C-alpha cells in the first residue's frame, strides 16, 4: 500500500510533529510513504517513516536529486516543477494532507478528481458554487488520519474485487 | 495580453453563455484566449472569441489534436493528461474561472501559487485552516470579469516597469 | 499549418542564418512556427518568421516567460524543463531540425515515434542495431527543407482525407 | 544506487533474456532498478531483479497503475504519456539500453544531455553532423553492461566527493 502525505515545504512545529507521527504510524503498518521529497511536512513524514523502518519515495520538482531531504529512499527526479504535483497523488491509494498552501491545494484537487480519498489535518476546506464540498475527510489526529486512510484503501480494494467478480 | 479561461468540459447552458460572452469581450479588447482546448466552457469561450476575430490557444491533454474544439486556432498537443493544467494558467497573465470541478480547482491553485490573479464567476471558494481565503476575486458578470482581469494585468505591468526602473 | 523548427540554444552563425531563412520561408507560406522559444536556432527562426509577418509560438522550459526570445508571439510557459521537448514536436505537423545537440535528438526521437516527418539540415544521423535508419530526411538548403516539409504535410492530409472517405 | 534499464515494450526473445539477466545481476549487487514499468524489456528486467530479491520502480505513462507489469514494486503513476521518458533516466545514476525504438532513443538523448552515462547492448548508434558520436558505451553482454554501469557510477561519485573536498 502506498499513501501520499502532502503539505508545505515551510511548516509550523505543530505540523511537523503531526507529519512525523503520521510517518511513524504508516511505516509501522507497512505502508510506503510517497511525498514531494522536499523540506517541511515532506521531510518530517519521511523522517518519521524511516525511524520505524519504512520506505519513502520523493517525487522531486527539480532536475537533480540534490534537493531531496535526507530521509528519502527513492528520489524520483522529474524536472517538471509544479506539474510534478499530480504524480505525488496519482501514485498513491490515499492522501493525507497536513496544513498546506496552494501547492497542497492543487494536489488535493488532483486527488479528488481521480477519486483518490483525501484525509485532512487542519488543511483546506472547499465550497463550490456556494455549496459546501465535503470531499476532504477532516480528522483531528495523526492516528485518526492513518487509520482512516488505511481503512479507505482496504474498503476500496474490497469493492474493486467485488466489482470484478460480479462482471 | 493572454488571459486564461477555465471551467468544466461539461457545463450548464448558463455557464456556456457566460464563457461565450467572456470570449467575445476578450477578443474585442485584443486579448488572446488560452484554455484547455476541449468542450464545455473551453469550447464556448473559443467560439465567442472567434466570433469577434480573436486568437485562441488550446493546451490539450491528449497525444494528438483530434480532441480540440473547432474554435481552437493553435492546438498545443501535450500528451501530459491533467499535468497540462499548470501550463494553461502559467501561460496567462490573469485567469477567469467559470464554474468548474476539481480540474478547475487545480488550475486555480496553480495560478494563486504563481501570483497570477484569478477572477471567479460562480466558482470555488476556499478556506484554509478555518480562515476564509479571499484570493479568488468574485465577480457577477462576464463584463465585470473581463474588465477586472484586464485592469489587473495592466496594473501589474505598471508595477513591473516601475520596479525595473527603480533598480 | 504548424511546423516545428528545432536546434541548439547555442549555434553557429551558419546555423543561425539557415534558421532565419527557414523562418522567413515558412512565414511567407503562411505557416505558423513552433519552437522551444529560447536563443540560438530558436531565436533565429522566430526572427526570420516575424520579419515576414509570421506567427511564432515558443514552448518554454522555465516557469515564467522571461527567457522567451523577443520574436516569440505566444510564449507557452510550461515549467516542465526538458520534458517540454515532446510538446514542441507533437504540436507540429512536420519538424525541421537544424544542427542540434542531445535536446534536439530527443525531439527528433519523439517526432519519429509519433510518425511526424523530420527534415534534417546538418543534423543527427542514426543507426539502430547496426543498420542505418533513414527516417530523418536529409536536405541541403533552407528552401529545400521548407518545400519538403510543406509537401509532406499536404501529402499526409490528402491521405488522411482519402482514408476517412474510404471508411 | 539506482540504474535505469530501457528498451522496447515489444522485444525479441534474445533482448528479453538479456534484460532478465541484467535485472538479476543488478539485484545481486543491491542496485535498485528503474524502468518505464510496461512490457518487453521493462518487464524482463523487473522479473530478473525480483527473482534475486531486488527493488523495482516503474515510471508509468498512463493515468493509473493498471498497465504496470507484475514485477514492479513501486509504480509511479504519471499520466504524462511519453514525457515520462525523461523521468526514467534522470532518476538513475546510469542507464543500460537494450535494443529499443524511438522511445528508447529519446531516453538515451535525455540521459546524455544530463551527463548520465549510457551503456548500450545492441542499441542505437549516433552520428552528429557527419561525425560519429561515441557517447553510448557499447558492450557485448549483460555482465559487461552491469559491471560497466556500476563502475561508472562509483567513479563519478569519487570524483564528486573529490570535487567537493577541493572547494
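A few comments on the model shown:
When the chains are written out, they are named A, B, C and D in that same order, and each has its own residue count from 1.
To be clear about the criterion, a residue touches a chain if its C-beta (ideal position, glycine included) is under 8 Å from a C-beta of that chain, and two chains touch if they have at least 3 such contacts.
On a predicted model such as this, the values are computed, not experimentally measured, just so you know.
Shared contact partners of subunit C and subunit D comprise A, B. Mostly identical positions are employed by subunit A and subunit B in their mutual contact, as over half of the interface residue numbers are shared between these two copies. Ranked by separation of Cα centres from subunit D, the top chain is B. Inter-chain centre distance (subunit B to subunit D, centres taken as mean C-alpha positions): 40 Å. Each chain gets a centre from the mean of its Cα atoms; for subunit B and subunit C, those two points are 28 Å apart. Contact of a single residue of subunit D with at least two other chains is seen at positions 63, 78-83, 86-87. Residues 63, 78-83 of subunit C touch subunit A in their complex.
The part of subunit D that touches subunit C in the complex is made up of residues 80-83, 85-87, 99-103, 105-106, 108-110, 112-113, 122-130. On subunit A, the positions that touch subunit D within their shared complex are 2, 32, 57, 59, 63-65, 74-80, 86-87, 90-91, 114.
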